[in-house]
Amino acid sequence: MGDQPIWITFIVTFAIMTVLLLSMAYTTWYERKVLARFQDRLGPTRTGKAGLMQPLADAVKLMGKEDLVPDAADRNVFLFAPLITFTTALLSAAVIPWGGTVQIFGTDVNLYPTDINVGALFILATGSIGVYGIILGGWSSGNRYSLLGAIRSAAQVISYELILGFSLVGIFIITGTMSLTDIMFKQHEMLSFGPFEISNWFVLTQPLGFVLFVIAAVAETNRAPFDLPEAESELVAGFMTEYSAMRFALYFLGEYISMIIMSLFAATLFLGGTSGPGADKFWGLGIMWLVLKVMAFLFFYIWLRATLPRFRFDQLMGLAWKVLLPLAILNIVVTAFFRLIGNGQVF
Amino acid sequence: MSWELVFFAVFSAAMLLCGLGVVAFENPVHSAVALVGSFINVAALFVMLGAEFLGVLQIIVYTGAVLVLVLFTIMLIDPTKLPEFYVGAPLQRFASVVVGAILLAEIGVAIITRTALEQIGPHTEAMVQQMGGNVQAIGQVMLSEYALAFEIASLVLTVGVVGAVVIGLPNRMVEPNTVTMSLGHTRGSSDMLAAGPKFESPMNIPAERYTAPVGERTVVMTKDPDAYTHPGETSK
Amino acid sequence: MTDGENQTTQQTLVPTGTGWERELYFDDDLSKHPVVRELRAVFPDDFLDAVRFRNETTIYVNPAKFREIAFYMRDHEKLQVNFLSDLTAVDMLNLRTAPRFDVTAQIYSIPNRIRLRMKASIDDGMSIPSLVPVFNGANWMERECFDMFGIFFEGHPNLRRILLQDDWDEGHPLRKDYPTRGWKDYPVYNKERTIRRTKTRWTGRGV
Amino acid sequence: MEPVKTPFNVMDSTQTEYSGTLMVEDEHELASGERVMTLNMGPQHPSTHGVMRVLLKLDGETVIECDPMIGYLHRGTEKLSETKRYAQIVPWTDRLDYTAAPQNNLGYVLAVEKLLGLNAPERAQYWRVIMVELSRIASHLVWLGTHALDIGALSMSLYTFREREMIMDIFETFCGARLTTNMMEIGGFSRQLPDGLIPQIRNFLRVFPSKLKEYTDLLSANPIWLARTKGVGVITPEAAISYSLTGACLRGSGINYDVRKADPYLVYDQLDFEVPLGQFGDVFDRYLVRVEELRQAHKIVTQALNYIENDDRPMMAYESAYVMPPHMGTMTTAEDMQRHFVWVIKGFSAPVGEVYHAIEHGKGEFGIHIVSDGGSMPYRLRLRTPDYVNLGVLPHMAQGAMLADMVALIGTIDIVLGSVDR
């Protein structure tokens, strides 16, 4: 970890953006394939081998569609809103580390765009700006389904962001930092129990926090069973009912980027990020482990979607405020207590 | 001219423009969006000053949570029914000028004490470094020096939450499960009805009958067509 | 069929347990039918007739007492005709001169498992008491009946068209004088053949 | 008789402001001062199961008023039937509840047979039972899939449609059509049973119980499913009777009225099956009842098939004067061709009278009321479709429900708009 010339940062950022955008496109393919297997079907097969060109075909189709603006819409806000969701989702990637400082062609390269000391909070902050895209899009459409979706989304995101933040406090207490890079490298240390050595992943020391984080992350990204803002059987398509063409796609892609970012975030915080066998020897292996963890998380997302019915709105809020929030506070208190014991300030 | 100055100029200009937009836009939602932009630029300025924690908190708390609620209040109010701010009473205008001047003077005094009089206060950069960083410093100060103010602020927020719950409670005067006839959509026919007995319906059933328990559930199986045929002796 | 009229008063005095067997409902002698027996006794003027066909009983009642009789049968502790299966009308225009409509209610007793058909004849433009106070299910059936026949149900809470649109201005389609294709001339499309008939294995022709 | 002249003319659309339009802004303040939002759910909406419009007034997400508007699929089947001969009406009944066409066919055919006073041979009756119960399974599977899809269980519909496909294949083998089967004939079945039908049904009967267990494993213990269905849309027994509900909506409330038991038709009195009854009348009870009905239908088909499998008695009541004679020499001899021609063109003249026949359709009591004037066409044919009547309870159930509950409530009634609108 050290300072590097700014052009290397640009190259790293560009590379990460490219990988993210590509993986986002292929996440749609991955979801369609996995969901199809869950449901006894094949999924896309016609475009390319195993439907691998499907994202490209979708993109071409969506770009070719007419960009409709309803008469009742507030035109400027309507056109602007999808960009908020998309860009803020991409912005979150800035603080996620893909490794430490490595030597590539004899140059020191930091495998993260930036390392601010409040990286975890930064992701929460971008998430809270991202909800403006949904709210403004839903409101400006001039459609009541959209408005209901936007209201649901606002309430849901505010409630679950609280739980998302609270579930991380345990980790902050343990590590004493909010920098994602520091948190990740804390988990590269090995704990030894006699002959066995296991990684110090925080999922082992913060199991409750992990569960809360996963639930809140699913809710934060508006995925099933918390997909109330776009509940297609009640609200048609929720806040994006009136959107078409690329603006529809921006919302769609923003959702998928959020999924990937949340998976990266969870892998970094709880599953040791790039930690894994051989990751300390070669940085490429570390990235591979990270990608595998992300894919496992994405699979979990899709599994939930294939299995679970949708919550009702009051049940959703009840779950957040009556069940998850007390549990999160309990987690903080217990973690702080053990931290004090570890410091020798109690007993 | 260093890059920092350029960024500072850009961010502050954007912030001021957004602030102007807050008062200049006619549509209240547009004003609120401009306020969001202003807040984000303020957060950017905080980050430039090295106060990342404060910047992120600015976004999470103000932009994220508070303003969403404000925005919804504005959205759900009919803009045509808003009071006219421009033609307020002269006293109001006078009071607003006075309050604005006082606030401006306070900021001026703060700046002057810090720069001209060089009375910087205890929280110097060296002290922050010694404490271990911004976050640690804020935590220390909040929970030791300003603990009382911190607790009072929590209390005020709690009062606010309780007040919101009281206001938001459903109206208890209306029974949510009162059983009435399904009138369908009554427009256009209610005043045309002939007089006479209307709803001698068998439906005067207390509301508690309309609840179903949450526990285990089974179905009752029967082969006898004469069993369980009367509402009073159903399978419950 | 109406020959038991002078015995009805005695028959209602039959002690319970002997006059209410299930077989009596299906007896060929209609005067033994408990519903007929009871109604003859209680509504001597308004119970008009009873007919039996294919093991089904139809009773004809005075339309003015349509609701009251339904009430009586529903709340009677032995009859318990508590279920309205169906309510509709038949336009008798081609079969008799007056009155024009038969309002027909298929009612059923869930405890006794007895089906019954209750009919009341009314003329065009008259109204009949609504059954909604007796059976809530009559709401939509009567709305449909109004929609299709133009029969007015007095006391119905919400008598609007239900299947046709609210501004349907062609009358009531299930009346016998309503032509099957409607009153209006509708545009006919595709009068000329625009698609060339292609030669197939089956037609064998080019044109 | 005191004729009461109607005090108003509904045809005058100027009297009312709503006539046939979508809602204009109609926000009014309630007594509590809350503002009400009017939401037009449908006619193009994913979970109204077709072209139905529900006009909702919402206070937040709570429904305070609900007005279902139907008729977008009205085709005038009753009017058209008055111009069709008795045998020609059978295909029209296919289009009522298109998820359960054999049941509609059966209801109509039984009503006509009752009017004519003829009985189908026993073997035909058993095959009717088999086909109708298979169709009941198919109809319930469509319901289960779409209901779960409405509540958000995405995969359920694909699983249920997989098994429904097997039933569709059985129908295709039996009569050549899959959806609009036009299966039943007046008097029995005039064709031979095709080869391979019985193994196909056996295969389905073998597979189905394990699949049914799959469905219930996925839903019955799922906490979200339980939270979404328990205590939602409660109908008390009194209300269920008063609203003329039938089928699972009535039995879910605990009232035992199954036409197959209460007023047996076909050979149901010789088959051993049970009627499931719910206890509390909420959405979950109706789900349990329908799932149990799937098991019972499986049981009935098994019994009937075991009984009738090796039977080769005739399937058509040719001895009756109302049944078209067999097509023995239609293509070869002039007399047979002439007779056939007259039959097809003129049909038969039914006796004068009126009958009402009800069967237990998958959705409730399906009744046909025929008034005959002695001609070859019914003077009046009334279709009492179960979902039309059951849908009338929706405003009652929707009071105080949430918007998300609306889709569960519409789903639990199990409507098919072709049957509601006729």
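Should a chain be cited, it is by its letter among A, B, C and D, assigned in written order, with residues numbered from 1 in that chain.
What we mean here is this: a residue touches a chain if its C-beta (ideal position, glycine included) is under 8 Å from a C-beta of that chain, and two chains touch if they have at least 3 such contacts.
Predicted model only: the values in this text are computed from it and were never measured.
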What's the minimum number of touch steps needed to get from chain B to chain D? 1
Contact-pair count is greater, between A-D and B-C, for A-D
Quick check on this structure: which chain has its C-alpha centroid closest to the centroid of all protein C-alpha atoms? D
Among the chains, which has its CA centre at the largest distance from chain C's? A
Centroid of chain A to centroid of chain C, CA atoms only: how many Å? 62
Where the centres are mean C-alpha positions, what is the separation of chain B from chain C, in Å? 58
Between chain A and chain D, tell me the centre distance in angstrom, where each centre is the average of that chain's C-alpha atoms. 46
Suppose each chain is reduced to the average of its Cα coordinates; what separation in Å results between chain C and chain D? 21
Show the residues in chain B shared as contacts by 2 or more other chains, in ascending order. 182-185, 188, 194, 201, 203, 225, 229
Residue numbers in chain D touching two or more further chains are 4, 16, 18, 239, 241-242, 255-257, 262, 392, 396
Send over the residues of chain C in touch with two or more other chains. 110, 113, 136, 139, 154, 159-160
Inter-chain touch pairs (all): A-B, A-D, B-C, B-D, C-D
Residues of chain A touching chain D in the complex: 35, 38-41, 144-145, 148, 224-225, 227-228, 231-234, 236, 305-315
Enumerate the contact residues on chain D facing chain C in the complex. 1-6, 10-11, 13, 16, 18-20, 70-71, 74, 76, 78-80, 82-83, 114-115, 117, 239, 241-245, 255-257, 262-263, 353-356, 358, 365, 367, 369, 371, 373, 379-380, 382, 384, 388-389, 391-392, 396, 421-422
Chain B residues touching chain D - in the complex, by the definition given at the top: 171, 173-174, 176-180, 182-185, 187-188, 192, 194, 201-203, 205, 209-214, 217-225, 227-229, 231, 234-236
Which residues of chain C touch chain D once you look at their complex with the stated criterion? 53-54, 56, 58, 62-64, 82-86, 88, 90-91, 94-95, 104, 106, 110, 113, 115, 117, 122-123, 125-127, 135-141, 144, 146, 148, 152, 154, 159-167, 169, 173-174, 178, 180
Report the residues of chain A in contact with chain B in the complex, numbered from low to high. 74, 77, 116-118, 121-122, 124-129, 131-132, 135-136, 139-140, 147, 151, 154, 158, 161, 165, 178
